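Two complexes, one shared chain (chain A), two partners (chain B, chain C).
Let's turn to the complex of A and B:
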């Protein structure tokens, strides 16, 4: 019987072996990167310039994200999944928190929001103490690491209809969506991150990753407003096992699902109260999946 | 400076196309095209393919109740024929992507990928479908540095097909995170290609006359190459034998 640690070591070393060819081509030199020092960002009415961001990056970011933006800063070895996620490799140009469809680049605003918000349960703090201009400059700096921005435009943000009022019917409808698209396969029928596939998940680079546990009071990594939660499952978190449901959940159903997910959360909410009154039971994992 | 080079490049392309049009005229069409056929075999005993434990998803284990599923890294058919080998012209083919109108289909059936390996041309549209009554997510993992961008889409029961294409030639692993045993490949190549059938037989159609290097790619045994000359309208033969490790 192999221990868990051995399993992980095996998994990681095989992932490392597999990653060798891609990593070698993924490594960009300082020269490749400096060509793009003219990169700009546009956040609201602020224009950020990569060339102005270097001092701030060297002071606040380089320790984890590294001088080449590849996530290999000197602190990176101490952040081991699944307890902590590794720092983002900006050279790949693949980002979790986007308002744009899966497989597309995030908008400048998305990157700005990520820097501002930080990532809950990770080593990335909130950088809302930096000025708007500094953050916009850092967005441009983040972009200058990846060649993707030179040839591609960010995706078109998904359209989010106005949030309807929460009703018990909507919460029930959300439960049906939760059952139909089988969120529980990973997140568990009570949102406790204990679904049948939860223990086997790995990110795009083969590192173990846990699904979000709704019940322990943590904030979702890409924001905790209703709109943020809507965006998370409709765009997917690129680089992770979380797919986009944009093709399979209609916009009005998506709001129902947001309300239902709120009922799992530790924080008090009208949704939680309503679910209590409804005496809503978790979905039955053994029920055959309803057809669309 | 670079502008002048650009002009030169554009000019030479124009001249090339014009001369090609002059000399070859409308003769370069399906009539003059040949093909490459052959068999890919495995020399030696096929490695044991482990069975798959699908008990985490009752739908999947039920689908394989009488016909247990096995891993598919090496699938050997009659007379040692090797299935799921992709053959393509790695050298000598200068034509454009064939822009084939055929749409290859990658189906998720009984919690396995059918086919296990899907070959396609650069920019060719392919389709991912699901025949299962359980949710899958279709998650290709290209290297973003090649120009192919990873994406990840859900396909609950009855979901509409996902239609996509890839910008660059690359061997792309595909996985379903919900069913971790589901692992397949998109093999994106430039120009004509073929995949071996269950007996290891293949035919690359629409090959213009000329000399080529044919590469055979197999997920476990990597690649083998062979020089082949195709005459106008004729079929050339190229057999490959991978050595079992």
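Let's turn to the complex of A and C:
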């Protein structure tokens, strides 16, 4: 009888010992996150469900974003700025690429586009091989990590006026905007990411971050159409030092700036040809900033 | 105390059972507690993606992995070039599989003995089992510079005798278009279900029979779609890889280097289109066609085979044609179940059907020298086949695999008017079912961990193959193989 009791004691002690690591590794936020497993997304006519996204998340995403969506996947330690960006911490509910004003939540379509488009100059690939349903489910899954969606609604997408025709005057006007709002301080006078502030930049979590180099041929992070570029500086990239200029730049000026930024880019464009004909000089950092 | 022999036996069995149970439990504990390995398979290490991102179960690609391959092993994130990698990064992975297997072959003619001397022979089943090794593969591949990539794969047999399984360089996104990519060298053909990424490992189940089928007595070794081939391939795809095409020109040498077969060329063409089917997933349908010529007349010198000059092998002319074509479908039924279907119609020239073609062991068994004629009744051998491969993907770490293949001759090389002894050894017309194959394979692969650092799979598999008329006295043969192994790469 005593032997049997000893055996049971040994067995229970072993079970307790085995259980210790699981208990200590569990995090409180797991419980919070699981409460939101009913999260949905709406992308076009597709409704995504967080509960259906786990297989795809485990297969494709967990290595970087981590099981809790906090950006602490097994590979996160090897993605160090400035060479790579760290994986996004979904729990914070802060996203760079949005169509909505700064400080607001992105729309489901914004998140869907980010998954589809991927992010150049990072390890986030384009997941356009996944079905629309899988991507919509993943959007819902991303949302379920953050309590922000429980209490807030996404912002209203900014209005982007129709793109005007590009002219030499508009490109010159764009250069004035570039000088006035001091884009060059980070991006450099020729868009080469070598402005005087470039080396001092850090994101909201204090991690070093580099400004976008327009000249190296890479796609801007949040899309490479003219509308995408317009949207980037009018909404800002939340969580980074790139602010929203919605209060500083009028819509027609914003298009001028888009055209001027195109002149920096490695890809051929009408703006680049016009700038060459104009013999447009870079802005002079020491000159007084043009007035609005 | 007297112990009966039966009791001893029972005790021995009991002990063995206990030991076996203990071994099983220990194996389960070891497997479930294995820590993640610290090394880095070539691409996963570079990009920090788990094996499962690109592989349905490694080495079989999923759609994302297929797109990565189609982009020349690039994520297209502007960080593909080696200049962005740690200088110490060296893209190399090795793969090998220690196994235990049991192979059983029916109807083998084996000598019988009487008084220490051969007294005759008898047809019997031969079974062997034991521990063994697979060959060793050293994979190295990646990006030389943006849109310039390579793949080199020295591969050995189980005795470490190496050959180049793959050696190729490729140029991608020519003129800025994903529709124009070129590779040159020795490479796997653009099969949607690639034999080089097969999930099964047994002798007969570790290949796709459909990709290697040769009618009985046929001398055409050149139409084997499962083998890597020497040539140049142009391929293109849409940005999301939903639409794909490829066209290759290959040397008709079955991938053997040294120009051993003269001047024959083969074309291999594929096209496919994928569709988004909502909750079911992405479905793909496509076609392939392999059309080629290969030699049948080996040049001679002084009446014997011309063995080559200036570094080339024997030379041959008298090209005859062959073809393989079919449809491919990859169908998903949600996140856990999928089915791949491949059909094939194959045809060889009657010359191949009569055994002309390959130099078997360096000897031209049949040589189509000038003036040679085909026997009366010789005709093009033709056949039809289908392959069905369902998977149940419980999770990225556990996949159950099934496969069924059947190949049926629709026209034998030795037709109804045939009167002589054909290359099959049969006098007169061949039976209509001669060489027909039916095979199935079942198995599973369990990955106790899934990281971007290394791969390990506990692999269990069973294959059964039946072939009509190839046993002694043209009887049917059944073979089977059971395999258990640790398949790992590092």
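We take it that the second predicted complex is superposed on the first by the 261 of 292 C-alpha atoms of A that agree within 3 Å, B and C clash if a C-alpha of one lies under 4 Å from a C-alpha of the other, contacts with A are read in each partner's own complex, and residues count from 1 in each chain.
Just so we're on the same page, a contact is a pair of C-beta atoms (placed from the backbone, for glycine too) under 8 Å apart; a residue touches a chain by one contact, two chains touch by 3 or more.
Because the structure is a prediction, the values reported are computed rather than measured.
Peer 1: Report for A:119: first if it touches chain B alone, second if chain C alone, otherwise both or neither.
Peer 2: So A:119 only meets chain C here.
Peer 1: On the A-aligned overlay, A:148 touches which partner chain: chain B = first, chain C = second, or both, or neither?
Peer 2: Only chain B is touched by A:148; chain C is not.
Peer 1: Applying the touch criterion given at the start, work out whether A:55 contacts chain B, chain C, both or neither, answering first, second, both or neither.
Peer 2: A:55 sits against chain C, while chain B stays out of touch.
Peer 1: Return first, second, both or neither, reflecting whether A:239 touches chain B, chain C, both chains, or no partner chain.
Peer 2: Touch partner of A:239: chain B, not chain C.
Peer 1: Is A:200 touching anything from chain B or chain C once the two structures are fitted on A? First, second, both or neither.
Peer 2: A:200 contacts chain B only, not chain C.
Peer 1: Kindly classify A:94 by the partners it touches after superposition: chain B alone (first), chain C alone (second), both, or neither?
Peer 2: First partner only, chain B.
Peer 1: Quick check for you: in the superposed arrangement, does A:156 touch first (chain B), second (chain C), both or neither?
Peer 2: Neither chain B nor chain C is touched by A:156.
Peer 1: Based on the superposed arrangement, let me know which partner A:181 touches: chain B (first), chain C (second), both, or neither?
Peer 2: first
Peer 1: Considering only the defined contacts, which chain B positions touch chain A in the complex?
Peer 2: It comes out as residues 56-59, 133-135, 137-139, 141, 143-147, 149-160, 162, 177-180.
Peer 1: Okay, in this complex, where on chain C does chain A touch?
Peer 2: 36, 47-50, 52-53, 63-64, 66-68, 75-79, 84, 239-241, 276-279, 281-282, 335-336, 395-396, 451-452
Peer 1: Please give the residue numbers of chain A that touch chain B in the complex, ascending.
Peer 2: Spelled out, the residues of chain A in touch with chain B are 22, 25-26, 91-94, 102-104, 146-148, 151, 180-182, 185-186, 196-197, 200-202, 204, 236, 238-248, 286, 288-292.
Peer 1: Within the complex, which stretch of chain A touches chain C?
Peer 2: 46, 52, 55-56, 58-60, 62-64, 74-75, 78-79, 83-84, 118-134, 216-219
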